[in-house]
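Chain nomenclature is as follows: A, B, C and D, assigned in order of appearance, with residue numbering initiated at 1 for each chain independently.
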Amino acid sequence: MDTADHALERGYLHRKDDYLKRLRRIEGQARGLQRMVEDERYCIDILQQISAVTKALQAVSLGLLEEHLQHCVLRAAAAGGPEADEKIKEAYEAVARLVRS
Amino acid sequence: MDTADHALERGYLHRKDDYLKRLRRIEGQARGLQRMVEDERYCIDILQQISAVTKALQAVSLGLLEEHLQHCVLRAAAAGGPEADEKIKEAYEAVARLVRS
Amino acid sequence: MDTADHALERGYLHRKDDYLKRLRRIEGQARGLQRMVEDERYCIDILQQISAVTKALQAVSLGLLEEHLQHCVLRAAAAGGPEADEKIKEAYEAVARLVRS
Amino acid sequence: MDTADHALERGYLHRKDDYLKRLRRIEGQARGLQRMVEDERYCIDILQQISAVTKALQAVSLGLLEEHLQHCVLRAAAAGGPEADEKIKEAYEAVARLVRS
């Protein structure tokens, strides 16, 4: 796959830095959760922080999914044929995992 | 919109009876929940039944979404232009509501 | 179980009418979904309505759970012994179902 | 709060090491997600990995919540009075956040 194709196949590249920044923050929050357990913090405070990390992950997922639909799925659908069906199937399965997680 | 177009725009028509049957069952379950409250049944039993209804609704949603992607979105994407972008946007917003509900 | 005990064991009785009203509305919404499919309405519109029903069910669940904790669990915990452990276990399993549905 | 009280107030202490291990793994997965974005991996693969991290966080939350109910809530409820009501309220709000995240 050449660079142009690669870029088309990764709808999120134009926001790569943003995603890296958000994932770094999530990594930091996961470290923070360890400190809270290490310091034997109150359960409710830890639960509150986990909900915040879960929301941050959900937002990253929805962002990636939106760009996948706008780029990878749209491009494959325009090309038609089995690749289009495969892309739609893949996108649907990712949505089903997201809904059930 | 003529009948052929209409059919293409409603990806679920080939499973219309199945969806009607499932939604009738969900309606019956909602009535059953009322009887449980009327009969002052134990809270945990009612909660268990609500989880079952929620799962049934989620399955209907995922089915409709899959068919929407396979038909409406795929068709619009193949046609390209602003309609394609609009369909992708709509599908994404439906997914986001589903994930957050 | 005499009436007084029964009332204590059903934390939601003071809001029984409110729950019945909300569940009747949910039943009506389920009927409305059938009409939307019968009328071959656009998939996205049906998905939007399902998300509304799911939210309504979630609110009923959280209300019942809150009252269960405030009445049934609190009362059993005050009495202590195996009944208290059982009530806590039951409440936790209801929460786990709710989180995973 | 003396050590004995502190231990009672932190239902999870007997599984502290297990939670630390699981949270370290989640931190590692968050780093792994950054590498996937850095390496411009396919969106669907990244989404799949995020669903796994979300499930791992959910399991930690449910574990902490179960222990909070079994220890902190049960103990406060047995003592009765305003502290019991406060603990139940706190536990309910944590559940509501978990359900909505």
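What to note about this one:
The working rule: a contact is a pair of C-beta atoms (placed from the backbone, for glycine too) under 8 Å apart; a residue touches a chain by one contact, two chains touch by 3 or more.
Treat the numbers as computed from the prediction; the structure is a model and nothing was measured.
Separation between the centroids of chain B and chain C, computed from CA atoms only, is 21 Å.
Separating the centre of chain A from that of chain C, both taken as means of CA atoms, is a distance of 31 Å. For the pair chain A and chain B, the distance between mean C-alpha positions equals 24 Å. Under the contact definition stated at the top, the residues of chain D that touch 2 or more other chains are 58, 61, 65, 91, 98. Taken as a graph of touching chains, this assembly is arranged as a ring, one closed cycle with exactly two partners per chain. By the definition given earlier, chain contacts exist for A-B, A-D, B-C, C-D. Against chain B, in their complex, chain A makes its touches with residues 58, 61-62, 65-66, 69-70, 73-74, 77-78, 80, 84-85, 88, 91-92, 95-96, 98-100.
Against chain B, the residues of chain C that register as touching in their complex are 6, 9-13, 16, 19-20, 23-24, 26-27, 30-31, 33-34, 37-38, 40, 42-44, 46-48, 50-51, 53-55, 57-58, 60-61, 64-65, 67-68, 72, 90-91, 94, 97-98, 101.
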